[in-house]
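Below: one structure in structure tokens.
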Amino acid sequence: MLLLQLLVSGIETGALYALTAAGFALIFGATRIFHFAHGATYALAGYAFVLASRLGLAWPLGGLLALAVAVGFGLFLEAAVYRPIQRHHGAFFTVFVAAFGVVIVVQSLIELSFGRAFVAISTPLTRAHEILPGLYIAQVFWVALAIAIVIFALLGSFLARARAGIGLRALSENPDLLRAFGLSARRLSALAFALGSALAVPGAVLGAATTGLSPGVGAHVMLISLAASVVGGIGSLRGAALAGLLLGVVETLVVAFLDTQWSEAAGFVVLFVFILFRPSGLFGAAVAR
Amino acid sequence: MIAYLLNLAQLAAIFGLLSVSLNILIGYGGIFSVAHAVFFGLGAYAGAHVALDLAPDILLAALAAALTAGVLSALLALPALRVRGEYFVIASLGLQMLATTVFTEASDITGGLGGLVGIPPPTVFGVSLADPLAFLLVCLGFLALALAVVRLLMRASFGRALMALRDSESAAEALGKNVPLLKTLAVLLGGAFAGVAGALFAFQEAFVNVESFTLDQSVLIMAMVIIGGAGTLAGPLLGTVLLLALPAALTFIPGLPPTDIGAVQQLIYGLAMTVLMIFRPAGLAGRLAGRR
Amino acid sequence: MSALLSMRGLTRRFGGIAAVDGVDLDLAPGIITALVGPNGAGKTTLFNLITGHLAPDAGTVALAGHAIGRRAPHHIARLGIARSFQDLRLFARMSVRDNVLCATEPASWFWQPGGKAARQARAERALAATGLAALARADAADLAYAERKFLSLARIIATGARIWLLDEPASGLDPASRARFSALLRDAVADGVTICLIEHNLDIVIELADRIVFLDQGRKLAEGDPATILADPLLAAIYFGERA
Amino acid sequence: MTRITRRTLLAASALPLGGGLLASRRARAEEAYILGTLFPMAGPNAEYGTIFTAGAAMAIKHVSADKMLSRPLALRAEDSEGTPQGGAVGMNKLVNVDHALYVLVGFTGVSKAAAPIGTRAKVVLVNGGGVGPDLAGLSPYYWNVIPLVPDEIKVLTPFLIARKLRRVALIYVNDPFGNGLYKALKTDLTAAGGEIVAADAISPTDQQFSAIAARIRTTAPDAVYFASYGAQQAQIIKQLRDAGISQPLLTYSGAAIPSVRNLPEAEGLTLTAQAADWTVDDPVTRRFVADWRAQYGSDPTPYHQNYYNAVRLFALLAQQLEKAGKPVNGDTLRAALLATRRFALVGGEGVFDDLGDISMKIVVNTLKGGKLVAVG
């Protein structure tokens, strides 16, 4: 029963990881920008939701505020930080350092405005109930699962059918195709950032209710997203999502056998094994070599 | 004030050595590692154990640190031979996260979060280096040695081969360069120097624990190299001095409520990092691509 | 006349598609062989199979009678097979001289075979021959298009290799540069170098090639002297995309 | 255009920060007694820095208002980042640049890195926050104005046995503090006839505890003890409760911070802490509590009390030295402490032992409506 219970928590965690990781993978796949500040987007969205609930706004309004903050922040970074660096042919690591600076700035701003303490939204949704002897499930589990499924279904059909969606997929591989479609690479890059940042919102909002938020909350989510996008195969949304789920489950299940301190490391063992033995990831088409 | 500046100068020399060693990987080898704090840590633990269990001789400690970090740098060489680019960055990130956990858990060797305490002041051939100035000179000596080695190697065929594979691995292979060997050597060299820096750090702090060898530290070292200018001799030193002096200088800001100092310092620090990268993407000592 | 480099049944598949499919090919010493064929014919893949950048699924490569298949690229390079790349792959952040010097130093280790003076002289000769001596201190990334092409060739000259595999070496060059380029290749052949080149521009092929090998969809369709091959209407139809 | 805006912004933000004030600060520094603080001011434990500083600041205000000393007190803050490295660098700066006489410190790891520097320079370090067992007698110049965690366990154990909470599951941070607590709890509880049915070590950066909750539930403990710091404590409480752990939750004085007290899920939490009886009728306590309520509109916590006491202790010792016409430095302060031993502090009389450690009454509390209520 312990394993089943852990599997359930793992799936809940993993579903939210999957969304955030897919956001990172979408941005990276389309623009080749290593958006290390994706975790900061997550933190900002979560705090926006907390702010809204403190102001007494209903949760849909809070969700919209979180969405607006996340998308706005993503677009701002794309325009004000990444694009200028890439204009100068800045190397991959230049982007990385700049993004890291942004992470520090966001964390300090949150500390200055919300304080450094842990904040959480209290809701009966996160209260677990015994549904089978020894198996406790909270409603938030079903919510997380439903949100993940719906969003992935919408995202999948958008990328497969809509013109802009197809353009997004083509952006990194075949810029010529874009011109043929009459799409601008610049606008598509903005679209990738908007969509990718939006994908961090569900995880952040539900995270505010389940694990709670602290100013440095984005770091772990960011690392998981990175790991997931490699395990899944760089550029593959489906892979990143599946790997996010996998990492969430592994991280939780490992507690049944080892000290909890290994749970974060366990995800990275999976990552390391993949890199050594299957560097193309779950769904990767092109191997890096 | 003098003692404080000496302390800061010692730290600058140690981190200078560290960023020079990472520059061998990032700047010359194109091996983008965010796991450098691992080798820094391995060296620090090795050096601390030599000092605590054998003798606080700085040369002995540095040798043990270089060997430990150098040999275990194979852990980094392994993924470096398999994958490149972003894949490798993430692989090294994985190594860093694993190492942090191992450093925390292996408390018999590392002392865990409690760390190794009471590391005695260093000696060299029995002469005490307890005087901060003497220790600073030794640190600078190691830094000068590392700079000399880097300068010598990078102007020789080894350096040309390494930079060739950085710019195009397949073209380097086509000219007869043994890419796996070159990468392994670069990682070993960088790892060994990072280990030496770790041993010096252990003596400098008289205390080591895992908190000094986390991902944040790795990113900081990387930022020193990138902000200073990867692939240049002086760049990493410039970046080191800047990133160490900045927080130190920020503590002199007057008029802030004490409880907000930390956050405001971090804010300015992060902002400086981002702004520098926007306006000097090739680093302070680097030239802008396409504008030469 | 025995072949210096010979391939038998060389095959390489990507997924289900055979990029190179059972190719037999002999490169004779002292002549220029041109590989022609439409896009996707498998020309570059063939080069990659020779130089070890790709491992063949089947077939053998032999250098002067000794099998060299499945060796690492740097081993094969040290046997005296040099190649250029369609996208040049210069060492962009190194100086022109370092690009060429690098080519004279086959060992990865700190000690190089042969005298330092001899190696440097060889590098200077390559720079002088390609007209890059005046630009020796510039970064490779800063060169103009034609200069980059010549630098790519200078690297190959400097290796002292006896077999050159050139992937579209002269494409996009203005007529004057092209003439200089051709002269360099002719000089090399006169010195006994064996050259195999991939070329789309038929003018260049006619100007340079002693022999043509026609590839399509991974197979060798024809081989012979330029006049015969280029006169074949079927091959012309395939080449210009009017597939039957 | 955007470039100009960005540069202007930067220049504008840099100007007021860089300008002036340095000169006046130096002038003041020559006549004031410099007290340093070495607290985490950023990061996950920054909440403690805020709390610790507030307690010290109130004491400085009172000392100045009373004109206890001939020279003013000035506070210099260094960010320890909660890490040993930050502690060593910050302590160096406090000692060598600010010429602090007396440094307030928290956190076990920071203390261990800073203490050797303090010892070498004979600067007194006073801890009012860290409770790791090995902080006792760290150096002659390292004093504790907070009772360390073994004292808390000694009070808690009989309480647990009396309430029939014999089977305890433990979640502890794997560091000197957590390991020390584990040892103390295990020894005391076993001796009293209880047992530790599960002991889960966590890292200070862990954020997910639902898996631990599941594992703990399978051992069916009578109560769950957790030993952590800062933001993590609130996360542990919330996630344990969310996962359906309904047993009593136990912890130590580190949970007496707003982020825990204001958490709805923390209602009913049992925690040991110094007796915080704000009704004590001595003038020092009365004034501290009254002024605190006036300024912050809420009751102070033991941390506020400890750092208030740390500063007040300095003032009392320096006052004594001034009257005797002696200089104020690490050696004279230490001599004065060991000669006097008993001081009128907030919460009653504080008594120090040979190591420079205070002993104070510890009580078991329950959290009710965000307030600590003594239950035993």
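Going in written order, the chains are labelled A, B, C and D, and every chain counts its residues from 1.
Keep this in mind: contacts are C-beta pairs under 8 Å (C-beta built on N, C-alpha and C of every residue); 3 or more make two chains touch, one makes a residue touch a chain.
Remember, it's a predicted structure, so these values are computed and weren't measured experimentally.
**Q** For which pair of chains is the number of C-beta contacts greatest?
**A** A-B
**Q** Take the average of all CA coordinates in chain A, do the same for chain C, and state the distance between these two points in whole angstrom.
**A** Centres of chain A and chain C (C-alpha means) sit 46 Å apart.
**Q** Roughly how far is chain B from chain C, centre to centre by C-alpha average, rounded to an integer in Å?
**A** Inter-chain centre distance comes to 42 Å.
**Q** Between chain B and chain D, tell me the centre distance in angstrom, where each centre is the average of that chain's C-alpha atoms.
**A** Those two chain centres are 34 Å apart.
**Q** Determine the centre-to-centre distance between chain A and chain D, using the mean Cα coordinates as centres, and give it in whole Å.
**A** That pair's centroid distance is 36 Å.
**Q** When you check chain D against every other chain, which residues touch at least two of them?
**A** 6, 42-43, 46, 50, 174, 203
**Q** Would you mind listing the residues of chain A that make contact with two or more other chains?
**A** 108, 111, 116, 259, 261, 264
**Q** Could you list each pair of chains that touch, in label order?
**A** All chain pairs meeting the touch criterion are A-B, A-D, B-C, B-D.
**Q** Which positions of chain A touch chain B when the two form their complex?
**A** It is residues 28, 34, 81, 84-85, 88-105, 107-109, 111-112, 116, 223, 226-227, 229-230, 234, 259, 261-262, 264-265, 268-269, 271-272, 275-276, 279, 288-289 of chain A that touch chain B.
**Q** Considering the complex alone, what residue numbers of chain C touch chain B?
**A** Going by the criterion above, the answer is residues 51-53, 72-74, 77-78, 82-83, 85, 89-94, 98-99, 101-103, 105-110, 112, 139, 141-142, 155, 159.
**Q** Which residues, counting only chain B, touch chain C once they are in their complex?
**A** 153, 156-158, 160-161, 163-164, 166-168, 170-179, 181-182, 185, 231, 289-290, 292
**Q** Within the complex, which stretch of chain D touches chain B?
**A** Residues in contact with chain B: 6, 10, 17-18, 20-22, 25, 37, 40-43, 46, 49-50, 53-54, 57, 75, 77-79, 81, 83-85, 88-89, 92-93, 95-97, 109, 112-113, 116, 134, 173-176, 179, 203-204.
**Q** Could you pull out which chain B residues touch chain D in their complex?
**A** 1-4, 7, 11, 101, 104-105, 107, 112-115, 117-118, 205-209, 211-212, 248, 251-255, 258-263, 265-266, 268, 271, 275
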